[in-house]
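What follows is a short report on a single structure.
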Amino acid sequence: MAQTRKVYFNGRYVEESEARVSIFDSALMYGDMCFEMTRTYKHKPFRLRHHLERLYAGLKIAEIDCGLTVDDMEKATYDLLEHNKECFPEDMDIQIMHNVSRGPLPIYESVFEHGLEPTVTINTWPLITHMAGSADKYEQGIHSVIVAQQSVPARILDPKIKNRSRMFYQIANLQAERLEPGASALLTDENGFITEGTGNNFFIVKNGELYTPEGRNILRGVSRGAVIDLAKELGIPCHETNLETYDVNAADEAFITSTTVFAVPVTRFNFNPVGDGKVGPVVKSITDAFSEQVGIDIVAQAKQYKNDLESFNKAN
Amino acid sequence: MAQTRKVYFNGRYVEESEARVSIFDSALMYGDMCFEMTRTYKHKPFRLRHHLERLYAGLKIAEIDCGLTVDDMEKATYDLLEHNKECFPEDMDIQIMHNVSRGPLPIYESVFEHGLEPTVTINTWPLITHMAGSADKYEQGIHSVIVAQQSVPARILDPKIKNRSRMFYQIANLQAERLEPGASALLTDENGFITEGTGNNFFIVKNGELYTPEGRNILRGVSRGAVIDLAKELGIPCHETNLETYDVNAADEAFITSTTVFAVPVTRFNFNPVGDGKVGPVVKSITDAFSEQVGIDIVAQAKQYKNDLESFNKAN
Amino acid sequence: MAQTRKVYFNGRYVEESEARVSIFDSALMYGDMCFEMTRTYKHKPFRLRHHLERLYAGLKIAEIDCGLTVDDMEKATYDLLEHNKECFPEDMDIQIMHNVSRGPLPIYESVFEHGLEPTVTINTWPLITHMAGSADKYEQGIHSVIVAQQSVPARILDPKIKNRSRMFYQIANLQAERLEPGASALLTDENGFITEGTGNNFFIVKNGELYTPEGRNILRGVSRGAVIDLAKELGIPCHETNLETYDVNAADEAFITSTTVFAVPVTRFNFNPVGDGKVGPVVKSITDAFSEQVGIDIVAQAKQYKNDLESFNKAN
Amino acid sequence: MAQTRKVYFNGRYVEESEARVSIFDSALMYGDMCFEMTRTYKHKPFRLRHHLERLYAGLKIAEIDCGLTVDDMEKATYDLLEHNKECFPEDMDIQIMHNVSRGPLPIYESVFEHGLEPTVTINTWPLITHMAGSADKYEQGIHSVIVAQQSVPARILDPKIKNRSRMFYQIANLQAERLEPGASALLTDENGFITEGTGNNFFIVKNGELYTPEGRNILRGVSRGAVIDLAKELGIPCHETNLETYDVNAADEAFITSTTVFAVPVTRFNFNPVGDGKVGPVVKSITDAFSEQVGIDIVAQAKQYKNDLESFNKAN
Amino acid sequence: MAQTRKVYFNGRYVEESEARVSIFDSALMYGDMCFEMTRTYKHKPFRLRHHLERLYAGLKIAEIDCGLTVDDMEKATYDLLEHNKECFPEDMDIQIMHNVSRGPLPIYESVFEHGLEPTVTINTWPLITHMAGSADKYEQGIHSVIVAQQSVPARILDPKIKNRSRMFYQIANLQAERLEPGASALLTDENGFITEGTGNNFFIVKNGELYTPEGRNILRGVSRGAVIDLAKELGIPCHETNLETYDVNAADEAFITSTTVFAVPVTRFNFNPVGDGKVGPVVKSITDAFSEQVGIDIVAQAKQYKNDLESFNKAN
Amino acid sequence: MAQTRKVYFNGRYVEESEARVSIFDSALMYGDMCFEMTRTYKHKPFRLRHHLERLYAGLKIAEIDCGLTVDDMEKATYDLLEHNKECFPEDMDIQIMHNVSRGPLPIYESVFEHGLEPTVTINTWPLITHMAGSADKYEQGIHSVIVAQQSVPARILDPKIKNRSRMFYQIANLQAERLEPGASALLTDENGFITEGTGNNFFIVKNGELYTPEGRNILRGVSRGAVIDLAKELGIPCHETNLETYDVNAADEAFITSTTVFAVPVTRFNFNPVGDGKVGPVVKSITDAFSEQVGIDIVAQAKQYKNDLESFNKAN
């Protein structure tokens, strides 16, 4: 590939290796940054507007004026995709990341030749690296473990604002890894209710009905929303409720959702099998319905990417 | 000034404008970075070793191996000071900032030509900009206001680990500014106990004795420690205790402490005067004792910097 | 007006200026009093029985036997209205306030010539003063701000018992006023869920559906109930749920309800516009439906009262 | 007695039966009133200034400007005592009660011929009725029971502000009475720590040392302070600490303190004897020391008042 | 009766007096035992499989492998019933109790000749003693009182696991007895929500609809489930919700459910009548429907047992 | 050994294998039992009276009257030791366990030929099995890990009452074992403060001073008390305080205490070394002082027992 991927950086296009934020920026000084992860299906961003509106909801509460309207941001995203389009083969879907911070702290203004301005970046990334790792998980499921690390309560810092003050996610990840290498961290709140994974939402299936934590101490994920919508279409009752570890132990199925992989079955929970320990029919039917909706068999895509990964890595 | 200040960046020296962290770094993805702020008195770092040991205590808990021993880090700091020494006139003291993150996320490894490594930066900054703004405050005191934003409880993310997941600090700052422009935010915990400001510790004086919040939901500041030590030397009883807004309302004096300014009187609290609303004798005697200890009249220094600021700005 | 308004006071009628409670009464010693606010529409009390049953529910829990059955109390109310009827022009609606306390503390019995008895008062008040102030708000909306003061948890003192131990309401009012003169205080509970204003309930509208806090840490207002009933009739889904500040930030509309003004739009929330910052269609349609139900255009009435206020004041 | 006791009421002297507060006053509308109880020993108020300073601390936080300085209030108190002096025989000590509210709500201004002003009352009361009831308790002790009603947390409404929003005190009293007629209610906070009785503070004695709840979720009583001071003088270590029911079960002695009765032994706790179930030596020695300090044998005084009560009642 | 009842004890049949667990067993050392109570109707166990599945859900979470599959356990239960059948007259229904512990602590292994093995017991008991005591309660109802003892939060030890670490139940029982002899204890959680009785679930009826606490800090009783199922069949809406004492005070009816007695009306609550203080129509219709379902008039059965008790006692 | 150890069981002596409690006993039905573990040094019980007084403190709160005075219980203990003395070689010290429950539930009275009576057992056990396992730990230290399982808050069920409702201890043990086989569980409370291990107390050493959790959500262990006493004698300051994981990470030493082993060094904490990872001087000096006090080198004893274990096992 002759061309390299560019990153949108405050109105300019820069190389990925140049997509760097000053140590004097509020983003680094305070973890004071909002962001979004969107992905494409067949190069078409999925619910991009929904993602951006969530981004702007967070910016409003954080009182960050990024200088762009949501329409501007949407246009900048499509422009970037267009600009980078030769970097992505036709069958390679794309992760789009938006980052917005308040910009450098005023006291360090002299470092910045353009003066103080919010920091806005948009970047694109081939999904091969993310999805290849999930190829086997669609069929075998993952092991989800409750970790000691709890979610920050929404009354302190609202996880519904997708923000970058999430060092506790990394601590949770380390705790899960310690319990069993490769296990996926699942957090709870101060009441012991399940909240979310470190970058994904959580569902269980019981007697053919879906249950997922109330949209309180969690990010209300776009894929979570997509599952809720699909369940409605498929006639599967879906309850947003207080979910406890007891409920997962008694569940027939469980799965997590996130933008890149959509839905991955959880076949073990806290070292016990979930239901019969196999991928269940409900998560399958939801995944199938979603694949149909987006026009891509996402499980097949993951497998293909897994196969392609070695050669692609060389190309990049 | 012919030479420009350099920043230590993973073993290399770079320009301040190049001291930037990749958007793929865990520091930006998760606010997953530990840091320290040290300052010099007469170009001699104050309790540098204490700062670095606190840094390494945090790294140990966060399970970040930065690749340097604490001795290495100390040496790198002195080397940088030496390297930049021509950038700082004899009477210009220096802020030293250390930043350490886990480094880029593995999935984005291909962006980094040097491969994955933790991110370690050390930078220096003339204190003129920080201290000039405090010159008047030493004599008039500041207005400290309790904001609605609460501290993140230590059981969730321990503030004793000096970390960069502190977006809530910026929200607290906005709330204080809204209550009264220029007011200084003071946070409480879930019990209503006072914790700390957004980058400073808090003390009150009552009947000639010092009271400061227990070292629980706060950063145990180095300057806080210096005050506790000085109080001992001066024969002033100092209590680490549960401090409530009621206590501040009933206090004779109050002040905040931080590395750059040491101790700044709080003469108003929640729109009421503290004591008689003037700078009190205890904070004065502690500040005097500290000035003597470090060999610099810190109030005089602040005033001088305030005067120098305009010309210095032009020079930089 | 030749006649003056009388107040029912333990079976007697007294002048308003004589409607005073002894400093030895449990009402003043402990804030130990239950009360109700009812209003008339066209001189007909709205849901008086509902108000009185709520009053008696509180008295039962507080173990206050006021000496009257709920039927007695209802009759006394109508008798008072009849007695005072010449004090209220035909177009002037009335606020009716009921107060019931346990009576004087036994230790001070000697002060009371009639001996110890519960204190029961009923008084009437022209709504002109209350509603005139709301006339503009129906069209411009109000600014609702979250204050630092939290609601007393129901497990400590149940707000569903409409009681007079609410000094924290006045503190909340002062905090709101400080944030912005004229702003309306909105409280939260210890989980960060929105509870109520200081004398009103809170609703939001999202995608054409109503959401209001669960009837837990709030007074379950009669007007709140009326809105829930009307929503049902109008086919507007209405959810009693855990409501967070995030939800209000994302809402299309918001409004408060209280007995005197029924429903007042909230067009700003925490210094941001709610939705497009204008009075929305849902609150309008509910207000219209209510006006029809009670046979009075309440917005028009408020405007009229505003106009009448000056002359009325002179007459009183 | 020819003369009757007068009450100071906003600068005027009124009869006790006329010491009444309007139902439109914030005191009654919101329990929005601060107060103090002081008593005399040999007609000399004990720590009056201390009481008044606490009153003004509360008023400051509640943002009530009562129109009098603390000096004015002190003078008004002494003037009232002088005015009423013939109402109190030489051997009859006096309870002095101060009440301050924000005054009538502005919306009801028309009721008040003097316009809106804060409500300030001072009244005096012969201690015979209070102390006669305690005469036997000094020698037999009382039964203290933990009730289900919890204290309002200080972060919600600070009990250190002596306020009138304390309906929960009456509920606690009813619960104690239900557990055993005559039992004295003892409250706990949300952590299960003992706080205070409904109008008194709590101490235990263990191995000759005193323990009392930290000054957090309690009123820091003046008598409590007097005990702490006396303990110091007597060489009895006194700890302000987290006190639990377990500690009382394991205590050698317990007692409560309040202004009128100073210190009353608790000889039963939750239906078990405290220590050997008799009045212990430590409370006795503190009571003796206090009696000496104030120049009155308070136990003897209580007994005398008990004897005098019947005849006195006739006289009043 | 010639034969005596036997108890299943780790695969053997022993006399009831021999059904004893070693003091070295984890059951006694730690209250580390799961259990179930099932009853028969006409000698047919009601929802035995449901009970056993709940038992195994608890064992899975407690990581106790009892050595039997749920099928084995079911068979062992029926075998025991068969073995003991001559001990139960045709009209005498049976309580079946299952107990499973982890077995003796390894350090005490030498005491046990059979080595270490989990402890599994199944025993049967004539319901006469349990139900006779309820005979009058079906018609008069019971007095339910909120006690100070709170439920252990599910996040600490999940009550949904039916376990034997419930000393606090006995403390709650003592507290209820102290409030009024014969009163039935009702617990709340840390939010003040009603949870359950000490061995029973709680329902209220309001406006013809059923309300019961969410299945969170409670055992999700089998009889509770049966009521929910019956309500569905009878067309009575049933809500699992946050239930507060206020709601019970305002309820039309209330009742408790447990395995042995099914549903017993609560006609008094906290010393006040529930509704009109009489057994209400909803609990009656549910009890009737249940009687029909199980083929036994359970109220009549209780009365008969009450009559039979004396003679039966002699026979046993 | 010709004779076998006997167990005191309600006044009789029974074989250890017969020391069993009925499944109808409140001890098994509710985990409703208080207990103590005492040990001998040179066959002399260490602080037996202290243990028994703690036992009776718990019984008093749990309202269990065991039928014996504390003197009776003490005598019964010495009698049992005398009775069993031939079972213990001179150099074999003894664990003494007391168990007291409320006895069988009244409803099952017919099972018990002696009628209803509290269950009281005292048993003795050679310490060889407990201490042999600790022999290496005195020199190498153990790995202490914070587990997700939290302590039951004292306000719910007070751990200061040494009771048998501690199933959560076994769950904590399983969690520790999962983190690393052989690791020792350390619990925290709802504030994140360290409480205790599952059967031991916790200390750290920092700058030559001792810190241990406040006696709140813990059992106040007799060995803990012995360490506090010894520290006083040795001139080592010892603080009862709020201890957090951060403090342990920053500690120089740590150790646990329990009756059987007295004090065992903790050389690893949460997978990091404590201090330099070796047994420190303070725990050593305290252990030495204790050995001197009790006249036994407890480390040497443990080693000897380890050597003896195999032969002893055969003998038993």
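Note that the chains take the letters A, B, C, D, E and F in the order they are written out, and that residue 1 is the start of every chain.
Throughout what follows, a contact is a pair of C-beta atoms (placed from the backbone, for glycine too) under 8 Å apart; a residue touches a chain by one contact, two chains touch by 3 or more.
The shown structure was predicted, so the numbers you read here are calculated from the model rather than taken from an experiment.
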Each chain counted as touching chain D and chain E at once: C, F
A-B or B-D, whichever has more C-beta pairs in contact: A-B
Selected from A-E, A-C or A-F, interface repeating D-E by over half of its contact pairs: A-F
Centroid distance [mean C-alpha coordinates] between chain E and chain C, Å: 45
Inter-chain centre distance, chain C versus chain D - centres from mean C-alpha coordinates, in Å: 34
Distance between the centres, which are taken as Cα means, of chain C and chain B, whole angstrom: 48
Interface hub residues of chain D, defined as touching at least two other chains: 153, 155
In contact (per the touch rule at the top): chain pairs: A-B, A-C, A-E, A-F, B-C, B-D, B-F, C-D, C-E, D-E, D-F, E-F
Chain D residues within the chain B interface of the complex: 57, 60-61, 153-155, 158, 160-161, 214, 216
Chain A partner contacts - residues on chain F that touch it in the complex: 146-148, 178-179, 190, 271
Parts of chain E lying in touch with chain C, wherever the complex brings them together: 188, 191-192, 242, 244-246, 249-250, 272
Touching residues on chain B, where the partner in the complex is chain A: 7, 16-17, 19-24, 26-33, 62-63, 97, 99, 102, 107-108, 110-113, 121, 123, 125, 129-130, 149-153, 155-157, 163-171, 174, 313, 316
